[in-house]
């Protein structure tokens, strides 16, 4: 019994303390993974913040954008043009989604919209694979997946780029929401579709804008993930991982998506490296959810979410 | 004209509360049931039984389970696969440990095991609602599958990591295992689903169903008029997981023969959710319709292109299947969020008037 | 055979020997804050058995908050609630309901996925005993209980004259009928204390007359104690025994209707001054 207690509560921390450079590398790995999650979660937050819809299809949008980019590049389109075309595709996709899915479901309950995005998720999965094929593709955007040393610690170029991209995106989006007229309109729409309509906010336009921006964020996420692990189907499952991030960070907070991603990324990595061997590994499969669950029990609205006061 | 209720007056509350208050309905259902029991074992081919009817019955049971939790009680769950896995692995451990135990009893006990696990993962539902609860059920899904993968005790230390249904007989007939005939397995699945559908219907038309629907529709008002939310939600999780557990046990014992945890992964959770959405949330009939629909679509996609001379490669077929599923979900949510069950109701109402337009 | 609504004695409260001294409900110095917003400050009032008490006041005065505290939905930062002389301040809403308190809501809180009949049947839930296993089998004790309660609910349906719509899904009903169904649901619980939050909001003159008649009938036939929040002064003056006036979370008057009508503070806060 004491063996077990030692192994769970003492030994892992001893390991951490005993090999600091390794610990830092693990932490960096966690931060990097966390930021990648954050990039995906950002897309969720955007759409939720602006339309009240939980877009389950965000993960598949990441995949779809990456597939399009790689597919174009494989056919010889130069990188910049391919990026532009991919962006245009995602914008076109946003138009299509607004027309076909969102407009007919205006002011339905959020659970209905959520399930519609599940349907969208599967549709896009099949569609993407049908057009571009289902084998794993290598995505090369000119950033090598190599590391350099900083004071005895390895830092990966790709992960660094991802971190910087995330930071820039967050800054832009935060400004967009807080300072601009369109940001205010977006927040109004998130609160109440009908009310927003009745004061003249062009719902259709807003939705297309939001989903386009989410699509562009998806491209960024797709590039990072694709470059790291290749463009493949499992990318869409990242969406499921983004859920714990959103729970921690709150569904409507742009900085929350970053903080949540970091906590999940680091927590997961630490758990896997230091506690994983105790139970045979692969804790990463479920640890994030367990963390989110534990968190929810204590603080149902997440770190940054607003406290809901129920009215009757 | 033909389907008229004229002359059918209910003079007692009892007749008003019956499951099939309209006489014509009762006859149709009776005929269907008799037909279901007699016809397929005699007439249907091995392929039809194995590829269509048996999975349909099993999925219908799981769909009823999920519908009770998500459709009636309003608790979104993405953990169906995990609960089915609990049923399957419990059944396996029980029957290998107690070979003499009647396999029907084993299934029921497996359901109880799943119910207990369901209650455990349902406890957060008091504090957590909506999407957030879906995450808790995802935790269940991923954790349970990881558990069955890692802990070799569950597979009786099999090197292949699979569980296999051992041969078991009931009333002298071989029901599971390599020797079990398709008709025997079909009749077993049919018996279970009929009994449990009836139980489900009884639950939802009475006190329990009303508590669930009240929590689903307005949980705060429900609490104020005296409904205890935790008890109600946990009961929903328990019963729903029981159904999914039994379905999971049937999935391995009556359908697949042997399985790995892969058979219960998140795709299954989504599949059953699709059945419930397309069939109709909050409808027992809908669970059947949805299950039937989802089972038939891939068969349709496999066979129809052949009939019209097109040969589709397997990968393309899978992709079209995904697109069709996804598209249909969206279509149903737009056109009729209450699913096939509501469409059926509308058809019946039209039938009352036919051939007159109004 | 358990007493159905039709067979209940008129005054179910007092034993024949001595009249109950204490009021049915006592609200003592209740203070409620939501963050920086002070919703109720030091509000005290009593409700005696068999009374009809109206709670009035400008919008935002805290009337619904007060009802929510009595229901157990909000918990006051200070003060006590006593029901039948016993401290019930910390009770959960479902326990408060079990004491015999039923209510209607300002924004109709019917269960949209169910029919009128099923909604009213939910009002009987506290009176239903049973185990889910018995319910699963249905034929036997569960069925008997279901039919008994159905009979009781039918009495309420007759009483409120909503027979024609009993199978209609509530989402399809006009607003006035929804309010009536909500009243039916509250009545089905055979409450000792009925809390009505703006039962006549949004109704025209005829509907208000009907609703007033129903409320008075409930009071006369079943002896139910009633507290209602209402804005229509005509209704308030006509049917209430006593009027409590709230303004900015404080009680500013507590007297029979005529006295309140003439009260200076109430006129300034709420009723308005007549100008020539």
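As written, the chains take the letters A, B and C, and residue 1 is the first residue of each chain.
Quick note on the criterion: contacts are C-beta pairs under 8 Å (C-beta built on N, C-alpha and C of every residue); 3 or more make two chains touch, one makes a residue touch a chain.
The shown structure was predicted, so the numbers you read here are calculated from the model rather than taken from an experiment.
*Asks:* Find the most central chain, measuring centrality by the gap between its CA centroid and the centroid of all protein CA atoms shown.
*Replies:* Of all chains shown, the one whose C-alpha centroid lies nearest the global centroid is B.
*Asks:* Of the other chains, whose C-alpha centre is the longest way from the centre of subunit C?
*Replies:* Here the answer is chain A, farthest from subunit C.
*Asks:* In whole angstrom, what separates the CA-based centres of subunit A and subunit B?
*Replies:* 32
*Asks:* How big is the gap, in whole Å, between where the Cα atoms of subunit B centre and where those of subunit C centre?
*Replies:* That gives a centre separation of 41 Å.
*Asks:* List the centre-to-centre spacing of subunit A and subunit C in whole Å, with centres computed as mean CA coordinates.
*Replies:* Their C-alpha centroids are separated by 48 Å.
*Asks:* On subunit A, where are the residues touching two or more other chains?
*Replies:* 312, in rising order.
*Asks:* Do you know which subunit B residues sit against two or more other chains?
*Replies:* 220-221, 224
*Asks:* Which subunit C residues sit where two or more other chains touch them?
*Replies:* 73, 105, 109
*Asks:* Please give the residue numbers of subunit A that touch subunit B in the complex, ascending.
*Replies:* By the definition above, subunit A touches subunit B via 54, 100-101, 104-105, 108, 110-112, 114-116, 118-127, 129-130, 134, 237, 240, 243-244, 247, 251, 279-280, 282-283, 285-286, 289-290, 292-293, 296-297, 300, 310, 312.
*Asks:* List the residues on subunit B that touch subunit C in their complex, please.
*Replies:* The contact residues of subunit B facing subunit C are 13-14, 17, 199, 202-203, 206-208, 210-211, 213-214, 216-218, 220-229, 235, 239, 282.
*Asks:* Within their complex, state which residues of subunit C touch subunit B.
*Replies:* Touching subunit B from subunit C are residues 71-73, 92-94, 96-98, 102-103, 105, 109-114, 118, 121-123, 125-126, 128, 130, 132, 135-138, 142-143, 145-147, 150-151, 154, 185-186, 189.
*Asks:* Under the touch definition given earlier, write down the residues of subunit B that touch subunit A in their complex.
*Replies:* Its residues touching subunit A are 76, 124, 127-128, 130-132, 134-136, 138-139, 142-143, 145-146, 149-150, 220-221, 224, 266, 270, 273, 277, 315-316, 318-330, 333-334, 337.
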